[in-house]
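Two complexes are shown next, each including subunit A; its partner changes from subunit B in the first to subunit C in the second.
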Partner chain A sequence: MLENFNFRVIWEYMPLYGQCFFATLWLSALSLLGAVLVGILACGMRLSQSRLLSWPAGIYIESIRSTPLLAQLYFFYFGLPSLGIMLPEWVTGVFALTLNSGAYYAEIIRSGIQAIHFGQIEAGISSGLSYFQRMRYIVLPQALGMTVRPMLGQAIVLVKDSSLLSLISIMELTRAGQLLTSERFMPAEGFLTTAAFYLVIYYLLKAFSNWSEKRLIFKEAF
Partner chain B sequence: MISFKNVNKWYGDLHVLNNIDLEIAAGEVVVVCGPSGSGKSTLIRCINRLEPIQEGELVVDNMAVHDKNTNMTKVRAEIGFVFQSFNLYPHMTALQNTTIAPIKVRKMKKADAEELGRETLARVGLKDRIYSYPAQLSGGQQQRVAIARGLCMNPKIMLFDEPTSALDPEMIGEVLDTIKMLAKGGMTLVVVTHEMGFAREVANRVVFMDDGHIVEVAPPIDFFTNAQTERGKAFLSSILSH
Partner chain C sequence: MWSFYFHELMRSLPFFMKGVWMTVAVAGLSLIAGTVVGFICGIIRAGRNKILRAVIGVWVDIVRGTPFLVQIFIIFFILPGAGIELDAFSAAVIALSNLTASFICEIVAGGILSVPKGQREAATASGLSQYHQLRFIVLPQAMRTILPPLVGQYVLSIKDSSVVSAIGVVDITRVGWFTVQRIPEGIMVFGLVGLLYFAICYPLINLSGYLERRMTVMTIRL
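Now for the complex of A and B:
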């Protein structure tokens, strides 16, 4: 079987793969950054006393989590232009990934925040710290520290989900496999190489996860 | 310094503070005691509006705590609060726990705040533990860090909500000694506690609460030896009998 495997073609396509590898990296990184920010914002709104804030956040989180990413992606790609909003493909892709993962990050961060003993927040209130100061210095450092593992897990999901962007003709790793397949009809070579590159990103993220967990997770005091 | 006038508070139907009238002068040490559920914790949590009151007037350091328009950050900066369960920030060292509010609320320079934090931690006997995290400290040490955290804001008033109830017996003394030191220094203190020996020694007055009412207010000697009410006598006999 392996004698049929054409390494030469893979080598030939390596510049394309390299280019697409970095495309996947930066599309994912941009979406990840956006998703964490959207997640913190949505989580803050969801936990707010005001229904004006918590309801929209709840509707956003629930509707994203209950529908497939592909449907969301197609909605933004085909639906938005029909509403008169024209965006470049990569913007649409990053937008969809950001909104999708943002909902999951909101829930992950919420679990971290709710694990914090409320007495610490009362201590912050008592010493005159404002809501944002309490969030910034007491709640978020601990919530983000406690949830490093699930957050990195979601980051890995996001990187793999970015393969769906190939369906709206964005050049990234999966699209490279599709090109090799359609130009040379070598699906095994094409997609195995694609998979190998995802594996590299996976191990990069995992190494980062292990490193940051050691630095960020704090011993609980009580 | 602290003045309750006809203060009422409800949790739903439960009348937790019932027509509270109480004046606490500057420099006074007041111990609040009573059976559990009597409203004593609620009483002191109202002073810095951790709990809002629904009726009456509550004035602290000439600022109207009952008024929704009062800037509570300013009021709270003058009041240190020490909790039963310490409530230290576990991701910060003892020193960081004491400096965060001076830096962020008082806008003190970091170096000055750290100098102050070091001095204050030394004052409560923790000179060697300034870089320890809460998880590395005993309960008594954690509570002393919590007291130092309050003191670093240079407050006019310190409130203590059962500061020794979560501690092992051998650590109660070190925390009470720290509070006594503050009492001798002339700070206004309101302490919710069942430590009657402590009350006898340092309190100017004992406030006895039951069922949301202030039942008796008296100097400790009078209260302990000659309680005026049946409920006061019953409470004393139940806590002093063993």
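Now for the complex of A and C:
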């Protein structure tokens, strides 16, 4: 199978792959940013005293975690138009990815917050810090610092999950492989090149994760 | 209109049940194969043979570093070029088993390495063979660390099984995709799809959480 592996075709398609590589990076980065924000918000709501806040967050987190991303993606892709909301595909894709990863980030941050000794929060209360000050200066810096590694792990998952966006015809790395396959009928060239690009992102994130493990700054505070 | 579509959807329930059965078949077979292969590879990875350890490490990295969708495409489209003809169902089971095995391999290796070294040394001093050490000393203790993430991985694999719909396996997600062409109510159709996955995954997620709490208590008691 690999003896007639055609590097020239891959070279020919390199501009497309380059473009799609950056599309994947861009879509993932946007979703990552959104997911961390959604995660912090959902986690704050989940841990809140008020049931009015914690129940919706709980339902959101549990329902996202118990259903596959592809079903969620189709849910928004086919569902939003039936509600009369017309969005470009990539917005729908980023929206679904953000909501999906947001639920996982909420759980990661929650485990970080719950690992913080309650005495610290009590000390914050007795020092007269408000809820937001306690969150900003005591809880979140430590919680985010302790969870850098699982967060990067989830970022790797997010980049890989972004490949599903190709199924709703968004141009990204997997789509490039599909194009090469359908135009030239060369699946080996197409998908192995795609896989190689994903591996580059994976190894970069993994190296960053290992590096951050050694840095005290990530463990202590921002 | 809405009630008409709802009625239509209820009429296609048997079709959805076929999808559930297909998801259960693909995920079930892959979980069994993945668990067996994963345990064997995990035991080797935690063992002494450096070459085998490195080989398994590279395999795990490649499987973890590339999206499952790309892996399915590689197995479904490229293996036939090497003379291995696969139908969609076997390709799906092979791909999902491979994915599950690589993740379980890391879980098992981590669990085995978490058993204190003294346990093995004591077993050697008592004259137990390698196999008996593993069977009666190391694995039973490692299972405490392995079990919660193992069930968690089962949930992830069941959810990932939705991706096999991309190569035409008629699982729950694919049934939803077919149905939404006929009943243009995305929210309703994929709400049902999500509900079916939820029914399968939610009990397992709770089981994983329960095991985690139970195993932690047991460790403290020791």
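Couple of notes before you dig in:
To be clear about the criterion, the second predicted complex is superposed on the first by the 209 of 222 C-alpha atoms of A that agree within 3 Å, B and C clash if a C-alpha of one lies under 4 Å from a C-alpha of the other, contacts with A are read in each partner's own complex, and residues count from 1 in each chain.
Convention: contacts are C-beta pairs under 8 Å (C-beta built on N, C-alpha and C of every residue); 3 or more make two chains touch, one makes a residue touch a chain.
Worth saying up front: this structure is predicted, and the values here are computed from it rather than measured.
Of the two partner chains, neither subunit B nor subunit C is touched by A:31. Contacts of A:80 after superposition on the shared chain: subunit C is touched, whereas subunit B is not.
Between subunit B and subunit C, it is C that contacts the larger number of residues in subunit A. After overlaying the two complexes on the shared chain, residue contacts for A:194 are found with subunit C alone; subunit B is out of touch. Contacts of A:154 after superposition on the shared chain: neither subunit B nor subunit C is touched. Once the two complexes are overlaid on the shared chain, A:181 sits against subunit C while remaining clear of subunit B.
Shared-chain residue A:101: touches no atom of subunit B or subunit C. After overlaying the two complexes on the shared chain, residue contacts for A:72 are found with subunit C alone; subunit B is out of touch. On the side of subunit A, the complex with subunit C involves touching residues 1, 62-63, 65-72, 74-83, 156, 160-164, 166-167, 174, 177-178, 181, 187-188, 191-192, 194-195, 198-199, 201-203, 206.
Interface of subunit C with subunit A (complex): residues 61-62, 64-71, 73-74, 77-78, 81-83, 155, 159-163, 165-166, 172-173, 176-177, 180, 184-187, 189-191, 193-194, 197-198, 201-202, 205.
Across the interface of their complex, subunit B is touched by residues 117, 119-120, 122-123, 125-130, 133, 137-138, 141-142, 145, 218-222 of subunit A. Interface residues of subunit B facing subunit A in the complex, by the touch rule stated above, are 48, 50, 72-74, 76-77, 79-81, 83, 85-91, 100-101, 104-105, 133-135, 142, 146, 149-150, 153.
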